[in-house]
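Right, one structure below, let's go through it.
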Amino acid sequence: MVNKNKIKTIYNFFVKKLLRAKKTKFFILFSITPLLIFLLINGIKLLYNDNLLAGHDFFKNGGMPFFFQFYIQLVSLLFGAAVLSDEIDSKTLIYLNTSPISKFSILSGKLAAYLSVTFIIYAIGSSLLYVTTHFNGILTKKNLLALLQLEFAGLIAIIAYSSLFLLFGVSLKKSTIIGLVYIFGWETIAQILPGTAQKITLFFYLNSLTPIRIPKEKGILNISISQPGFAEALISLLLFSAIFFAASVYIFKKREYLLADHT
Amino acid sequence: MGVVIKGENLSKWYGNVLGLSEISVEISGGIQGLLGPNGAGKSTFLKILTGQLKPNIGEITIFGEPVFNNHEIFHRIGYCPEFDAYYREVTGWEFIRFKSALFGYNKKETDDRALKALDKVGLTDSKERKISEYSLGMRQRLKFASSIINDSDLLILDEPLRGVDPLWRIKIIKMLKEFEAEGRTIIVSSHILAEIEAMTNNVILIHQGKIFAHGDIQEIRDLIGSHPHRISVVCDDTRGLAKKMISDDLLRNIQFMDSEQKVIFETDKRDRFFDTLTATISGSGISVSEITSPDDNLQSVFDYLIGR
Amino acid sequence: MPIREEGYYNWEGTLSKSKIKWFPIFTTGIKSVYKKRFSKLLFATASSLFFVFLIALYVSSKPELKMMSRLVKMISSDALLFRTYYTNGFLVFMCAMISVFAGSELISNDLKHKSISLYLARPLSKLDYITGKFSIILFYLMMFTLLPGLLLVIFKVIFTGDFSAGLALLVKSITFPVVISLFWASLMLMLSSLSENGRFVKIIFFVAFFLSQMIAGMFWGIFRNDNFMYISIEKNIQQFGSFVFGTPLEFRAPGWISGAILLGLTALFLLILAYRLRKVEV
Amino acid sequence: METTIELNGLNFSYGNIKAVDDVSLITKKGIYGLLGPNGAGKTTLMKLILGFLKARSGNGKVLGFGIEENTRELREKVGYMSESDSLIPGMDAVDFTSYLGRLSGMPKQEAIKRAHEVLYYVGLEESRYRMIETYSSGMMQRLKLASSIVHDPVLLFLDEPTSGMDPGSRKEMIELINDISKKGTMSIIISSHILTDIEATCEDVIIMDKGKIIANEKISVIASKEVDIFEIKLGGDSSAFLKKFERFKYEEADRGMIRMQLPSDFSTKEIFDAALRSGTHIKHFLKRRSTLEDTFMNAIGENGAN
């Protein structure tokens, strides 16, 4: 039933299409803003022959929160939810639904394509930032390993968030707004709620994968629960992604997509 | 070729909109014209036929197989959708090649079939241009090309010629007839009745969610008892001809249009009328220059049945 | 009385000869923005600031009342009244919200539905089209900046009875809100003409607005140098307000530069808007 | 004022593709069809006349107004129904139509009154208070017609007016177009791919291909060009009948239609005698007139294979 080269066909087509989209170019630019800010700050400091800003501190307090608490979520939302809603808006879903390809292959091919583009955008910004902020000593084993872990954590985060927002896109009407409410509403509030609430946010597990812990504000009852281990976090994130993806395929199969507004 | 499409009392409604009510239909080979006013259930029927919608009651099978959620069936079906839908930032070639690859051919066959489809609709030389730069007619032809890639046994076309210029209309109609000759089944939905008449004699008329008529246009026309057949004759002695024809109980009505030297007869017994007419003309010295049946076409069938 | 037959009837009226061709765009636009969901809620919140200032004005004219002393002190003179009201952080945010609410889809919807040709098939030039769209946002922006400002002066005269407000100050109290409204309107219209997708336009607008604030704050935090305040839209408005009304400046940097930045940006946005519309294929 | 449009030497190209190539044209009052294959330059020509696009070279006058100098006065007198559905969401039909009327300079109350009148005229009276984004494509065409005649123009451009309409409403649209042109106060230019609709409405036809005007004829002239080919349909089997006419050239088209070339002095009586003797009857007998389709195909054919 699952046909690998058909999934590859979908993957290649949509990666090429996405790389040309205006949206992608905008987010690549957006991903290098922290780097530009860092260079600008140190540039001006040089003018005033002030002592330069420490790269590692900027990365830890500025770069990490930017990427792992804002950027990845936003881009995964705008791309993940769009996997299906773009096709419905432009009514092109009809071409896929009337081709000899299973709904599973369509979604896996498309999600993989959107994931890859999101990862490329993220990787450009994050790796450039990491390299410049840890320039002297970048070639040490420690830094290279940290960089690798940074990209790996980003990839897993993108997979998890994109599958969640794919599920939103497949089942809900106003998926983008609900996604925004989830990111900036629930995930931020959950940080300060008692332990169990944090367990049902993706960020909680993500925080154990990143090479540098993202500083967490103390909870109201300031009992900070223990972060899960690397392996445990990885497995739970992958498990969540698989569940979200399976649910999306199930709904996609069952739902009738009325592309026209009249009979 | 057995029955290709079989529908048993299909009913479909969503919200308070009634799409179809108890449609049973069997379609086998050849070109079938599908027509009906907007909002009368024609698009709902096509959506059920292509598995986009599931009927609330009844079920439909193509080549004996169920349609909804059975994607393998599309190896044997080619579908041209109604909307002007196209992928942004993509060229004609990339789209056709993508659609062709979805059938799972090897690389060479995918390219050959895509090229052949593009060539058939005359888009080969503009295949590198972005679809957004195509005119409406060219996008329509591209859509049609995407439905003939797999040389399928069943072709379902939803208004395939909308916005296409007369030159390509004729070429595509000719192409469809060639497909019919190869024994393929083709469902063509269209609002332009002259187009359907140019392709086929078989029509399915859907109105108010029901099949009002299905079969040969001529037979349907004969079944419409409420409107007798109108035959118009242009000759040099209309009154003389009428006098000779009136003796029999054949005629319901005669109408003279002297300005055009035309007389219009209305009759229920069409064949007997023509026998008598031919005999009368050859028997008398009246020189006849024209015999036509003004309401023996799809437009009249449509008007009489739909009653617009 | 002759029967009215079926068929086409001519229109006996005559077209108006007025030069202002874009006026229907303005009136219809105003109505459709008002009909939008949540419009009453937004306008109520935006006008709440005016009522707070009104109460403060009343309190300032009655020395025996001891309420809201801080605000009362800040509006002691007319110049201070205008500066505090026009450059109030809440009002700046409200202007941003109103621009998005009234303006984000003004052109993007026309691009999406290809309806610009509807306008240009009528005796309207592209300039009329832009002016009409512009007037819609300007109307709502000025309704919550210029109008309340003038009302405050009138109420001040009623409460305190002094006519000390000189002509120069009155002129400034009119030109400043107009300049600020022009800035917001041109920014919003320019963004609206960039894409068919209204949602994308809204995202870019808010990203730009918050980013300007965040970067200015971050740089100021690091360098403690006031020149970075020019990056923030809000700080520019406040600085330019203080400069125009001659009240103490927001930050230690020339006030007129903020004005130049605002007017410069407005001109830049209009240029981009004109370029975009010229490129639009009708 | 007899001449409606007068163009001389108009040129326009998108990049290096010549869309309008040295077009000169004079049209009188009345109703013209503008035909041509995809990409022949029809829509571009219309946009040049309306001043949406600036011609590279050449000039023109419409209703006496220069197409470049006084586009504004010109557009007061012209109505344009575009090919694409261009709508303004969030409005019902009355608001939409009266809004466009006011954009043409009609006073507010006049525009609303006139909007109702034209919406009744095009048959949208029941759904004129519905939001226009819920309109079907057929209703959308009627709305576009209504909004293009709300300001009572002198010249009306219709780009694919019957596209997407079902047979019933297409017939009504054709009746509307004929009724408007019959009134005599409005000249109409229709660009359409459906030749039967053009035949049912237009008096003259202009055919374009590759940016040039390659034919400009009266439909009555085309229809009168008789060809001595007869269309014959028989009741039963035609082989016996045809044997009697071996000497003439004939071809059996599909579904029993015979097209036979007969000399002009040939007496038709012989056809009926032959049918009677071979035991069948004549169901259809017509001297073929060249149709618009033949003229179109010949004109395009001569202009080089497309």
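Couple of notes before you dig in:
Lettered A, B, C and D in written order, each chain numbered from 1.
In the analysis below, a residue touches a chain if its C-beta (ideal position, glycine included) is under 8 Å from a C-beta of that chain, and two chains touch if they have at least 3 such contacts.
The structure presented is a predicted model; accordingly, all values stated were derived computationally and were not measured.
Centroid distances from chain A, each centroid being the mean of CA atoms, peak for D.
Two chain pairs, A-C and B-D, are weighed by contacting C-beta pairs, with B-D ahead. With each centre defined as the average position of its C-alpha atoms, the distance from chain A to chain C rounds to 36 Å. The geometric centre of chain B is 22 Å away from that of chain D, both derived from CA atoms.
Look at where the CA atoms of chain C average out and do the same for chain D: the two points lie 49 Å apart. Shared interface positions of chain D, defined as residues touching 2 or more other chains, are 84, 136.
The set of chain B residues that touch two or more partner chains comprises 38-39.
For chain C, residues touching at least two other chains: there are none.
On chain B, the positions that touch chain A within their shared complex are 14, 17, 19, 38-39, 41, 43-44, 50-54, 69, 71-75, 77, 79, 81-83, 85-90, 94, 98-99, 101-104, 146. Listed in rising order, the residues of chain D touching chain B in the complex are 35-40, 43, 83-84, 136-138, 160, 163-172, 193-196, 235, 254-255, 267-269, 272-273, 275-276, 281-287, 293, 296-297, 300, 306.
Touching chain D in their complex are the following residues of chain C: 6-11, 13, 15-18, 21, 24-25, 28, 32, 35, 109-110, 113-125, 282. The touching residues of chain A, when paired with chain C in their complex, are 22-23, 26, 30, 33, 37, 40-41, 44-45, 48, 50, 53, 62, 176.
Taken together, the chain A residues at the contact with chain B in this complex read 3, 5-6, 9-10, 13, 16-17, 20-21, 90-92, 94-103, 253, 256-260, 262-263.
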